[in-house]
Every structure is written in structure tokens, then in C-alpha cells.
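Take a look at the structures below.
Okay, so subunit A shows up in both of these, paired with subunit B first and subunit C after.
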Partner chain A sequence: MELETFIQNFADQFMDPDADVFTADTDFHKLSGWSSLTALLEMAMIEEQYGITLTGNDIRNTPTLRALFDIIQSRK
Partner chain B sequence: MAILHYSGIGIRAVAACVPKNIVPNSSLTALLPAEELEKTIHLIGIREKRYAEADVCASDLCFKAAQQLIADNNMDISTIDALIFLSQTPDYHQPATAPSLVHRLGLPSSTLSFDVNLACSGYVYGLSIAFAFAANPGVRKVLFLTGETMSKTISQKDKVTAPLFGDAGSATLVEKGDFGETTFSLNSDGSRAEILNMPFGGYRNPSSPEGFTETTDAEGNKRNGEQLKMDGMDVFNFGIRVVPSDIQKLLKHLGKTVNDMDILLYHQANKFMTDFFTKHLKFDTTKTPYSLDRFGNTSSASIPLTIVSEMEDPARYPKRDHVMMTGFGAGLSWGSVFTSLGECKISKLLEY
Partner chain C sequence: MTLTKYDITLSRLTEDKIELVRHWRNDPKISRYMEFRELITVEMQKAWFQRINNPQNYYFILIFEGKEIGLANIRDIDAEHQSGEGGLFIYADEYLNSEVPFRAVLALNDFCFETLQLQEMIAHIMKDNPRALEFNVALGYVAENAEDSSPKPKYRLTKEIYFKHRERIARFLGLPKS
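After this line comes the complex of A and B, so read on.
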């Protein structure tokens, strides 16, 4: 449930969320709408919604949305 | 915890100068698809910036600002006992640029002068040095000049830095007087220096064919080793972790809250980031002046440039006795100062 909300929050930062399919096992780096700008928006969203400040490497080295969500949960 | 306190010293005057040449971000179509470019411009809040001509240095922009400041304040230049020039784009590796500015401004050779090398935290740091000299009984007035020609340090094929940075110079006069209290908080963290750096061209990695070889990063940005590299995500991480907390630390030290700030002057990094700080601090967005829409991020010059462009008209921001300024950037280096601009004469913005 929380993971689903996270995926929705993540998709909301994309310019055109309908152009991509977002699942827990999506490699978000390969989505058509992914860019360095989107990355910043995701960092801001995660900071605001979850109170966690991710590093550039957290974003770069984490393959899927599930793994990203796990990082957030583990740092809470 | 480096907290510095001064009483009876303050900022008497500020002037700033930008190059005439306007470079709009809408022209970066080769770098980003139209839709993404538009969104980038909207998010960073930078519509255009100013680029200096090839033969114009930061010192030239500062020189013009200093001349105007001297004229607007009917100054007897023989009372200037110290001149500080802070820049990462000086005239030469050697010698320091400050003595040449002493000479160009016609100040006597009894003027002490030196350069300081700092980036976006530079205005707050430089101001603290100016206050320290001004506190000495042997120094009457301190002229603090800071400017950058960032346009000459970046790659136009790098979508991280190309939309952000612009050029500007400034002059700030610091002296003794009935200014009230000023407190600085200054910090540094060299462990993450690599997130904002120019790896070649110094003495660790001297200028070499390798340093001038253009490389392409994972995002497709092309730059060489003597051009500024910035990791946007890590800079955001750095900013959000240190800037609001430094402001809060300083306020707490002073027994004040965010509501005691009349104005919060950010280093004009990019609007996405600084608006995020404002939200974090739960501060009033109408009290955070911005000039970056027209001038971009001018590194150490961005705070004095914002003072000049947004506060020269006294009707705007009429309450200016309790001003927080905060700078943060390469080093990593960051600092905040709580001071007054109530007695500050602001010159009109100049063009070079």
C-alpha cells in the first residue's frame, strides 16, 4: 500500500507520467521521462513526503522503485 | 562552531555591475528538448544571464562597481585602508588581483590588499573578513570587491551548468558606525569537494592535454577538466542538509526565530533549491528577493547583485534592519550572516 503511494508520488514528478509505466520493479533510469531534472524533483518529493535526503549515488545506484522505497524505509 | 560577532561595524554601501551582453536560456535548444528546456527554465527560475566579453575580467566588473560606489558616496578615497578581492576568476594565477585594483582606483600604497579564493559562499565569508579588518582601530574603511566571470569556467555542452551561471561584479563598503549588531556563522566540509570542482589547471593536476580533453558523462554532458563540473543531485543534497539548519542555528544563537528576519537573501543558486529552503524554514516567500531570473547564478556576486537590483528602490523591502544572508557552494563551504542594511546606500545597477 505504502509502496503503491510511493510509486504514485514518484510518477507525479514526471512531465508526462502517462508516457511511462511505473511498477515496483521498473528500472526508473530507463523510463522515457527520466532526466537529471526529474531526479531533482524526486529528491525534493522524497525529502518532503518522507523526510529523507537522498544522495546522488542513492538515486544513481538503486535500480528499481522498490529498492528506492526500501532505502527510504531503512533510513526512517 | 565558528560564530563571529561584531558591534558598531556595518555595510555602508553596495554597488554592482553586470555585462551588457544578455544570453537567454531559451537559446539552449541544442542542449535540451524544447519541453524539458521550458520546464528547466521554469524550475531553476533563470530566464537569462549576462556574459562578459572575452577581454573583460571579474576585476573589471568590480572596478566599475567600486568607482560608482566611491562617486555615489562622495568618498575621500584616502580613507580606504583595506581592499579585499574575492573571486575564483582572477586576472592571473600570479600575482593576486587586489593590488592592481588598489592601483586602478588610485588608492595609496599604504592600502592593505589581498585576494580570497572562495565560490558561492564567498560574499558571506568575504564580508566577515571585511568586518574583522574594519574592527581594527588602524583601519577606517574596507572595500570588499567580489565578482566572477562564471561564463568562462563552464562548458556550453553541459546542461547542468550552462543554464545556471552568469557574470557579475560588486563592491561593498564596510566601516565603523551606528550599525548595531552583526553575527556570522561560517562552515566548511572538504570531504565532498568533488561535487563542485574544476579538477585540472591548478597544481594538483596541472594544465595538460589530458585536462583539455573533452569527455562525456553518463548524462551526455560534455566538458573538459578545466571546466566546472557540478553534480546537481549532490549539490541539492548538500544544500538542503546544511543551509536551513545553519540559518536556524544562527537564529537560535541570537535568541531569534525566522519571524525576526525582515529579509532572507539567498545566494542565487537556483530557485528550485532556495524556494525549497524557504518552505523548510516556513518563511514568508515575499521576503526572499530574487534577481536570478535576469542574471542567473553569479557565484559570490549574487547576494550583492540582488541587493542592488532588488533593494535599490527603498519602497521595495522597506524593512531592512534584520537581514539574513546565506551563501553555500564549492569547497564545500557555507555561511550565514545576520546583519542590517538599514544604513546601506545602494547604487543603481551598472552595465559594462
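After this line comes the complex of A and C, so read on.
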């Protein structure tokens, strides 16, 4: 699994991904399109694409996409 | 009266908590999405509580991870039509754009459809609040009139549609089937 692919998969869950810039060091909580629904969709995407079930706490307390990617990697 | 489900607790609003709610409700980050945006006084809040502290209205303080984080309600319950109007706001920023509002609304809606045996819930959603709109659509709310040009169109959620959507959301949240 590559970080770049993960970032693209993450961006794909947003209603309007072009409205935000997604990088490994992006604090995704501050993106304009970030919402409760996006959080839910990301949890579903991670479960479906990577077979890892994250908790709401994981999402809330992880600051960047790189850190989220690292959590997924560490649980595989 | 308290309900705990989906790891969140709904505690029915009591008079000793109405000042906390007034503080939340007067904060511009909350009032900007409300139809009534004037400053609510102590007296106004007391009068409001007297109006809503009855079996036609249930207002709940939301408690998550031991913190009071917001308010949820079912109001104006119509026993004849088995319907009522739902509402929710999260005051604590750390839980705002997270899965926690879904936990809260699932607990509220289960109470409405399973305990109160409502057949339908209603919501008026401000057009300038796209997050609230997408949140409610994800729950299964449908616009009553797609051509409604008012600033706060009416949406409806039936019991049947809600249960279908609940199943999917609960799975995303890693929650057991209800």
C-alpha cells in the first residue's frame, strides 16, 4: 500500500475534493470539506479498501494523513 | 431519564442545566444556524423550559466520554400523526466533525421510532448549512418539496427508511446491529 494511493482514496470520499489540497502532512480536520459524514465515509473506505477498522477516536486524535496511513500500516 | 446507546448518553434536560444550554445556544457558532438568532436572556430561557418540559417535547443533554457536548431533541410530538421534529447541535468543537453526531442522532432516532413509536420525523434544515443537509440526507431525510425556495425547507424521515440507513451507518461505525 502506497501513501499516494491512500491520499487519493481519502480525497475521493469528499463531496468536492477539488476544493481542498491533500498532502501527507495535511491536517484533514481543517479541510473545508471535512464533516461528520466525511469522517464516516473515511472509516468505511479504510475498512473496505484496507481491511482495518478504525475507531472514531483514531480519526479524531490523528492529525495528518501520513499519521493515519501509519496507523493502518501498523495494524495490518 | 437517561438513555445510553452507541456509546453516547442522552440525559433529559432538567432545570439545573438550562443555563448551560443557554450559554451554548447564545454562542454565535451555534446561533448562526438557528432561525432565532437574538440573545436569549435568563428569563426567556426559563419561559422556554416551562413550554418544553412536557411529554410533547424531549430535550436531551448529550454526554460523550464523560463530557456534556451538545443538545438533541424531538419536539412538537403529534400523537395523532405519530410524528415529531428532530434537532441536534454539538457544542464541543473536538466532536463536531466526527462520527459522534451520528452516534447521537442514532440514539435519538431509536428513541423516537422504537420507544415513542413515531412513524415519521421532520427536520427544517437551513440552506446555508450544507453539513447539516448532507448529514440528514445520509440518515434518509428527503425534501418534502424539491422546489421549496424557503431558507429552511422541510425534510421528512420515515421509520422504514431510517432503519435501512441505520443498518449501514451502524456498520460503518463498527457498531453491533440493533
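Criterion: the second predicted complex is superposed on the first by the 75 of 76 C-alpha atoms of A that agree within 3 Å, B and C clash if a C-alpha of one lies under 4 Å from a C-alpha of the other, contacts with A are read in each partner's own complex, and residues count from 1 in each chain.
As a working rule, contacts are C-beta pairs under 8 Å (C-beta built on N, C-alpha and C of every residue); 3 or more make two chains touch, one makes a residue touch a chain.
Keep in mind that what you see is a predicted model, and the values were worked out from it rather than measured.
Chemist: Is this a clash or a fit when subunit B and subunit C both end up on subunit A?
Modeler: clash
Chemist: Just checking: does A:I71 make contact with subunit B only, subunit C only, both, or neither of them? Give me first, second, both or neither.
Modeler: It touches nothing on subunit B or subunit C.
Chemist: Applying the touch criterion given at the start, work out whether A:A24 contacts subunit B, subunit C, both or neither, answering first, second, both or neither.
Modeler: Neither subunit B nor subunit C is touched by A:A24.
Chemist: Quick check on the superposed pair: does A:A44 touch subunit B, subunit C, both, or neither? Answer first, second, both or neither.
Modeler: It touches subunit B and subunit C both.
Chemist: For A:I52, using the defined touch cut-off, is the partner it touches subunit B, subunit C, both, or neither? Pick first, second, both or neither.
Modeler: A:I52: touches no partner chain.
Chemist: Given the touch rule stated above, what does A:W34 touch, subunit B (first), subunit C (second), both, or neither?
Modeler: Touch partner of A:W34: subunit C, not subunit B.
Chemist: Between the stretches 7-15, 97-105, 133-141 or 205-213, which region of subunit B is in steric conflict with subunit C after the superposition?
Modeler: 205-213
Chemist: Following superposition on chain A, which residues of subunit A contact subunit B and also contact subunit C?
Modeler: 15, 35-37, 39-41, 43-44, 47, 53, 55-56, 59-60.
Chemist: So in the complex, the part of subunit A that touches subunit C is made up of which residues?
Modeler: 15, 29, 34-41, 43-44, 47, 53, 55-56, 59-60
Chemist: Which subunit C residues qualify as touching subunit A in the complex?
Modeler: So the residues of subunit C touching subunit A come out as 94-103, 131, 134-135, 138, 169, 172-174.
Chemist: Could you list, by residue number, the parts of subunit B that touch subunit A in their complex?
Modeler: 35-36, 39-40, 43, 159-160, 195, 218-219, 231-234, 236-237, 240-241, 272, 276, 279
Chemist: Under the touch definition given earlier, write down the residues of subunit A that touch subunit B in their complex.
Modeler: 15, 35-37, 39-41, 43-44, 47-48, 53-56, 59-60
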